[in-house]
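Lettered A, B and C in written order, each chain numbered from 1.
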Amino acid sequence: MTHAAQSPAVTLPRTWGNRLTIFGWFAFLFLIGSQVLAIAISPPDRDMGDLQKIMYVHVPAAWMTMLAPLTVLVFALRYLWRRREEDDLLAAAAAEVAVAFAGLTLMLGMLWARPTWGVWWTWDARLTSTLVLFLILCGYLALRALVDDREQRAQWSAAVGILGAINVPIVYMSVRWWRTIHQIQSSPSTVDPAYVIGLRLNAFAFLFVMIYLIRRRYEAALIERAAEHAIESAALGKGGTDRG
Amino acid sequence: MSLRHDWRRARAIAWKDLTAERRSKAGFNSVVALAVTILAMFGFALGPDAQAIRDAAPGAIWLAVLFAGVLAFNRSYQVELDGGALEQLILYPGGRRAIFAGKLLANFAFVSLMLVIVIAVGIVLFQVTIPSAWPALVGIVICGAVGLVTLGTFYAAMASRSRAREVLLPLLLFPMLVPVLLAAIEATKALLGGNIMSDAGAWARLLVAFDVVFLVATFLAFESVIEV
Amino acid sequence: MVIPTSSSLAIDASDIARRFGASWVLRGVTLRLSPGEVVGVLGVNGSGKSTFLRILATLIKPHAGTALVCGHDIAREPEEVRAQIGYLAHTPGLYDDLTARENLIFAAAMLDRDERGVDAILERVGLLAYASQPVRGFSSGMQRRLAIGRLMLIRPKVLLLDEPYSNLDSGGLDLMNSLISEWVDAGAAALVVLHELAPAADLLDRTVTLQDGRAATKPAMHSDPAGIPLAASGR
């Protein structure tokens, strides 16, 4: 006989636990350190002055924005191959973090453009590609929000995620050609070696932060899923005639 | 299942979709009317200066087809969902790829016909002069249509069965079609401006690459997407 | 008492469970059918009868449990299962803008059957006079007859019929019953979801009632209850 007040037993998923929190601290401290270092050691740019420092956030954010869809692609492929729920949740977590980084890249790009060109937006090749990527990711997340059946959602997300990721290089190429034809100046690329160290350091910092965020989001989803499973199992056990 | 059987099935599905569409009367006519309306709206928004309109013509035409096309793609699955026919369709033995192929063919016919009409109207409304290299233009249009129909048919298989399908399909489809849009519009502009092969050729190659990549990818992925 | 081995059973379902959201419609349905058997599935609205049928038809997946249809696993070998079954759904699944004949021609093409047999089928189901009319104008009984006609294009080993008698007049009822008898005589098994026993009473070997997501078996009035080792209750 079941006890009416018994709460459902939750099997907790495997998580990194405390190690994740420690890693998170490490990632953020590393980031702060890299930012401070980069800002301190790099001289003001000839043309942009101190505005150049925004590059240390904007460029690594942009690099992560390119990396994250790759992550979604890998996890989506793995889901289609092994049909494990965890891979779907990983892909979704990666996509959410990717949207955040894409949004950050776009905003910083706009903050840079305004004092430099006097306009909020230039149809620069990289910025525009990031915008398209941002929209593709929004579509992915909208799909997940609008489909209720879990297996259907996982299957469809995987397909959409893979197609979206495949398209990223094509989008980038086409936007770049588009800009070249119309010859609008693009955001200055960073060539000066004085900036390289700062960029590299911050790139790693952002990578650590991204890994932390994806893992954190993923583990939250795992716990949600475990709770759902527990509720469903409990609902199955209750009600009707007793089973042997 | 043999390839011949698959081809028979694909043909049957294309025939069914087109016949149903033709008989329903509502479908094709209203979608084309919408496309032409959108085209006119662009004219109002961008005109009446002749040069401005002429420059905007390729963009306006493709956008009109894009917006109206979204309706067409959702409709092609609507016919299955209304009477519960989709379940029967899945139960027929053999691969689902024939279903995708059949719907691709039907949608391609639909969109091609729509493009012809919209381009004709666009040429008139936007005072476009037909270039001497117009066969190349036709080629570009066909390649663009293939890309549009491939992704549209694929995404509609999902969107039409989710909530808020009218919003979800454009949300999924439009960002993915940016390369197609840019290639088709730029190649068209190049050909219209007499600025021939180099520019248009590069865009044409991009379009073809896009079409090939996504035809293969969607065919591979369709099976897992059409199952309930 | 001989317990049939899985490979010879037409349907061998164990503990099939399925939920919608957090509530379970089916909680563990166990059911076995041998070839040549006709079993009726009863239950109130919402008891999961149609859901169970659709699971066996491989249209949806169970959230727990396994089932073999003609020896093939519904989860791992859906294509093989689909080749053996004939599923008559609650909704007819026809194309409104096509004529009756065109609907069957389409089905024949999809099944890789000869299209020339279509008119004979239309005659058998009593729709030959309406062959060239679009289905849109058909009554629900006529649509049901057309769906039955489509079923005749398949040669199923397992029939999954969801309320096949609804909307049929007495001629239609006779048609349905004679078809079921023909198929069963040829060795098919039939699982028939019913709202009421009357139309199928003579055909059924036994009935199963779905209640609270589980199956309880009662033998039909005239049949011998021995040799039917079933039901999850009390096991």
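Here are a few things to note about the model shown:
Convention: contacts are C-beta pairs under 8 Å (C-beta built on N, C-alpha and C of every residue); 3 or more make two chains touch, one makes a residue touch a chain.
Everything quoted here is computed from the prediction, not taken from an experiment.
Chain B has its Cα centroid nearest to the centroid of all protein Cα atoms in the structure. Taking each chain's centre as the mean of its CA atoms, A is the chain most distant from chain C.
A separation of 48 Å divides the Cα centre of chain A from that of chain C.
Centres computed as Cα averages put chain B at a distance of 39 Å from chain C.
Separating the CA-averaged centres of chain A and chain B is a span of 31 Å. With touch defined as above, chain C holds no residue shared between interfaces to two or more other chains. For chain A, residues that reach two or more other chains under the stated contact definition are 148. Chain contacts: chain B has residues 228 touching two or more partner chains.
Note for the complex: chain B touches chain C at residues 1, 5, 8-9, 11-13, 15-16, 19-20, 23-24, 79, 82-94, 228.
Listed in rising order, the residues of chain A touching chain B in the complex are 80, 132, 135-136, 138-139, 142-143, 146-148, 152, 155-156, 158-160, 162-164, 166-167, 170-171, 173-175, 177-178, 181. Here chain C touches chain B in the complex through residues 54, 57-60, 79, 82-83, 85, 87, 89-98, 102, 106-107, 109-112, 134, 150, going by the rule given at the top.
Against chain C, in their complex, chain A makes its touches with residues 148, 151, 228, 231-232, 235-236, 239-241, 243-244. Those residues of chain C lying in contact with chain A across their complex are 17, 19, 21-24, 27-28, 61, 64, 211-214, 232-235.
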